[in-house]
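Two complexes are shown next, each including subunit A; its partner changes from subunit B in the first to subunit C in the second.
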Partner chain A sequence: MTTTPVTVAVRTASRSARAAGSATESRWLLWPPLVFFALALGAPLVMLLIQSFETGGSAYMEMFDVAAFPAALVRTVVMAAVVMLLTMVFGAFYALAIMGSPLWLRLTLLAALLLSLWTSVMVRSFGWVLLELPKGALYWFLNLLGLRDEPLDFYQTTIGMYPAMIAVMLPFAVLPMMSALQSIDHEQLNAARVFGAGELLTFRTVTWPQIIPAMISGGVLVFVMSLGFYVTPLLLGGPSNLTVSGVINAQINQANRPDLGAAMSILLVGGTMLVYLIADRLFKVSEKWG
Partner chain B sequence: MATTIGRSLGWYRWPIAFIAALTSLLLIVPFLILVSTSWTEGSFINFPPEGFSLQWYAEVLTDKGWMGSFVLSLWTASLSTAIATVLGVAGAVGITRVKSRATQRWLRTMFIVPIALPPIAYAVGLYGVNSSLDFLRGTLVSLILGHALIALPYVFVIVSGGVARIDPSLRPAAATLGARWPLILWKVELPSLLPYVLSGMLFAFIVVFDEVVLAVFLLPPGMQTLPLRMLHASQEAFSPELTAASTLVSLLAIVVLAIIPLTNAARARRRRRPRARPNQPHLEGVVE
Partner chain C sequence: MPRKSRIRRVAAVGIAATAVLTLVAGCSADAGSTESSASSDLSGNIIWADYGGPTNESRQVAYFDSFYDETGVEVVSTSIEDAIYLGILDGDSPDYDIFQAGASDVLPDTSNVLEIPESAQGDLLPENMQPYYIGGFIFGEAQGWLTDTFPDGGPQDWVDFFDTDKFPGKRAWPGSPGSFDASYEIALLADGVAAEDLYPLDIERATAKLDTIRDDLVFYQSYPEAQQLLTSGSVAIAVTVTGQFQALINAGEDVTVQWNEAFAVPSGFVASNQVENTDEVIALAEWMNDPERQAVFTERTGYGPSNSAVFDYLSEDVQGNIVNSPDHTNLIYWDDEWRGANYEDLVNSYTDWLAG
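Our next item is the complex of A and B:
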């Protein structure tokens, strides 16, 4: 892709730092976080491994016999993929609109995005519950328009989960695309116009190629975060729509099978990390975020 | 007046703006509904709310349980944020001193990976550590350390954005004048990173304050952080008390985080840097 001023700055900064950096310096600056990672990230993961092998590794076979687990696994992956695709599409519209609208609309969209980013995920999910309850706000609104006079059956259904999940994840897709759009060279857009390219051609050749990497890194992040999502699916999906996280919680707190819970956790962590690391190497996700 | 990007989209910007406006309803409407249910005069959740009263806010603010949870959350979140800030800043600065490009990439990935860590799996692992080590049982140590790990990437990402903007000639200049690295860090780098450190810190605080899954597993019996109390309350029944508490938490977050753009705007006004491009909503410190 094109080299933005920021990456140039990063490169020059790291080059000169290399000249001035010393071994003592990195020992003092990098070792404390590394030790912390080993303790706070390494120890729990090792503990999960030990727990999952407490029954001699049979937990890994047994977990697929737990009635709810295979369905939850499929549901979680499908849900994460759908949420990823929809946030990418709507996020692109949203980012384009923020960068290309008149001021009043731009400020409204930005305010909505920041409000959503800053308020608690749980609070936002509560709002969706109140909206979707059989006689909740959505029913009130439809009733007001004379469209429906019997209670809704939307709450705690699979379809009912999606709008809330998309709303929760949307900022993570929009923000990288916004910063990509911010760094587009406006002279390129003007040049395309001067040379007679129409709107579609300008978009396809100038704007689109620069959004794509940001869109992918936002999408990867949304996918990975959705895999481990707990609170929103719990509140809006209900007991019939358990995600992997919900099944893990049930194994530990209700079924009293910590070995199964640990094996499922290993699968979830392993899968998530694998997806993240592959995407990171392919699309340089981390660099987009740093 | 349209922006350059707006002009380049031509007529298509109207349908795009329309779809975005509809999408923004997804973000705003549930929140407004939640807030409005909290000012009801009745004792049940209802939409539209009956009448207007602030009784449920008074209820929450004078309730020992709610306030106790609030104070506990404040304490634990502050400690985790402090740990995450120190380590995140050290990491963001330290990573630029690493010689090999490949090591740098792996370190960067490691610092960001906790964002992708499924909270429940992490909580189960921490719970295992907690219950196998006697001296941790009944304490808040593992909760605070766990929250610090979750908050660390946010500090790291935001401060890294600042590190990239430090004038690269300052370090060699200070070094030739005889300053050693701790002095350079303290006198040159940290002051110019300060706004980034502050916004990273606030972000980390908000993230940790909101985290509930770790609290489900790691809090000693009898203790409840605010989000945990809210989750429990929601599983019993939705009450105006719960929505009032939710509104208060959100207001707090909005007020705290509104400090960032305001202070940034004030700083920008003082400096008036000519290269700042007008007409672009710039989210300093959110994503770089």
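Our next item is the complex of A and C:
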């Protein structure tokens, strides 16, 4: 009778000792990534901050005097939102198509997606340029079919820009949804069938609710990444779709006003972080990626 | 300008490292060729900063190789950084001995720039550039097209360029914020402003005129894209630096360049008056002003010479596509001083128009 509390105490002690040991271990493991991020992300950010204040902070006011900047800010946010929504919709169809297809088609779709992910954004965007040029590949194809003999008016328009941007961002929306679809318990689907639910009802009550969180976290990622879009809208949307990144580039490389460029960059990075933090609070995005 | 000092300091370290390396390399090279340097009083090397590429290669062939053989002074080329050369023009100690700089960067304040003797001055450069510019050359900004596009002859001037009924098809146009090139000037000429009344530029009037043709423009981000837009048939006419047309001609395309109302843009190199190797720098300046050597450079690049005697060494064929050839009687020159003084406004307003 007297032994029991002792054993319990010992067991608890040893458990907490083990826990403490593993915590120390994991703290050690945290050092390399922390050092890496401090050097690779923290240091440039501090440099940027210093640069932006080299004229005593006036850059933060002056940047709004660059007429193209406020317009680019609005345009970038709208663009990111449109890309996010379209990518979520197309991504959902794509993920469902991958899961529901016969093996050969599933592998083809997956290969196309990963190949696209592994190819440089520059190359993919330039591919779209060759497709969309007034007398590019698309024109050639339509002309071959006898459907068009006037050059296309597609290149360097807003409409011409979105397909390319969706193609670039699609993997980031599809991959989380795929993993959500994969982790659905098949017993739940069977149960739905057993109780007489048809295809559509099963989808609506079992599948859909389980992929929504993944869809949202994919969407947030796409939105955040789209805020920094540079190459794709520049090449395909033309100058009338100038993004914040484009204005920053112009200030640093052409106007020789690195302080304005730095201030604009700080605003963009800060805004992006803010959006992510809010989204994380609302939708627990980081859990989906953790 | 304190805001540039940080970049400059960082860059200076890189330059210093490069300089040490080149010195080491220079010493070992000198050891093997003592007999060539013995014939002159010149020594050391010259740090030369330009934009590299085939143009730098042409300079190496046309000037630097023979200069080294003659004097033992090696010209060491490096890639130019804006922040560094702007600092030198502001009076910083010169990390580059000689560097490329447009007239609008140099002319507004020449108090830190080395004056070169008359024997080294190019007579085809504008008079205000002549005392400072080494290895000057003149590039063009013009409209051009594949000759087949307009069998009955293409646009004759900028008014024609804006006439999309008479000359149908899209036009390739510089589309990055800093490349306002001759954009405003072209629009004003097309709107009836006389060449001598262009400055100060009426930017509002220019952008209003540009708006009338906007839907017919295809914008390019880098100059070589203009070549691709032309050859793919995506545009009928391109407005660009004439080196791009020369590249197409070199590749065997039949291109017509409209030299009437083309812009001739003098450019070249300057040195700081703080350089320690003044003798070597001036010797090189004289070397590069030699018409026979400049003819080699002109033929390779299609860039116009700064010395009128060069034309004696060029064939008729080559002359026809050189910007400032005597046959091209109606060229237009930029007001570099005005453009330099209003540079930031020009970038910002052109960015705004592009994004509009």
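Note that in this section the second predicted complex is superposed on the first by the 263 of 290 C-alpha atoms of A that agree within 3 Å, B and C clash if a C-alpha of one lies under 4 Å from a C-alpha of the other, contacts with A are read in each partner's own complex, and residues count from 1 in each chain.
Simple rule for what comes next: a residue touches a chain if its C-beta (ideal position, glycine included) is under 8 Å from a C-beta of that chain, and two chains touch if they have at least 3 such contacts.
Source: prediction; values computed, not measured.
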In the superposition, subunit B vs subunit C on subunit A residues touched:
B
Which superposed partner A:S240 touches (first subunit B, second subunit C, both, neither)
second
Looking at A:T55 after the superposition, I want to know if it touches subunit B, subunit C, both of them or none. Which is it: first, second, both, neither?
second
Can A:P70 be said to touch subunit B (first), subunit C (second), both, or neither?
neither
Quick one: classify A:I98 as touching subunit B (first), subunit C (second), both or neither.
first
Quick one: classify A:P209 as touching subunit B (first), subunit C (second), both or neither.
neither
With both complexes overlaid on chain A, does A:E199 touch subunit B (first), subunit C (second), both or neither?
first
Is A:G136 touching the first partner subunit B, the second partner subunit C, both, or neither of them?
both
Using the superposition described at the top, list the residues of subunit A that contact subunit B and also contact subunit C.
47, 50-51, 136, 235, 249, 258
Subunit A partner contacts - residues on subunit C that touch it in the complex:
2-4, 6-7, 82-83, 86, 170, 175-178, 218-219, 221, 229, 232-235, 343-344, 347-349, 351-352, 354-356
Enumerate the contact residues on subunit B facing subunit A in the complex.
1-13, 16-17, 19-21, 23-24, 26-34, 37, 45, 47-48, 83, 86-88, 90-91, 93-99, 104-105, 107-122, 124-129, 132, 145-146, 148-149, 152, 156-157, 160-161, 163-166, 168-169, 171-172, 175, 181-182, 206, 209-210, 212-213, 216-217, 227, 230-231, 234, 238, 242-243, 246, 249-250, 253-254, 257, 280-283, 286-288
Considering only the defined contacts, which subunit A positions touch subunit C in the complex?
47, 50-51, 54-55, 66-68, 71-72, 75, 133-136, 151, 155-156, 234-235, 238-240, 242, 246-247, 249-250, 253-259
Please output the residues of subunit A touching subunit B within their complex, sorted ascending.
6, 9-10, 12-22, 24-26, 28-30, 32-33, 36-37, 39-41, 43-45, 47-48, 50-51, 90, 93-94, 96-103, 105-110, 112-124, 126-131, 136-137, 140, 163-164, 166-167, 170, 175-176, 178-179, 181-182, 184, 186, 189-190, 192-193, 198-200, 202-203, 206-207, 221, 224-225, 227-228, 230-231, 235, 244-245, 248-249, 252, 258, 261-262, 264-266, 268-269, 272-273, 276-277, 280, 286-287, 289-290
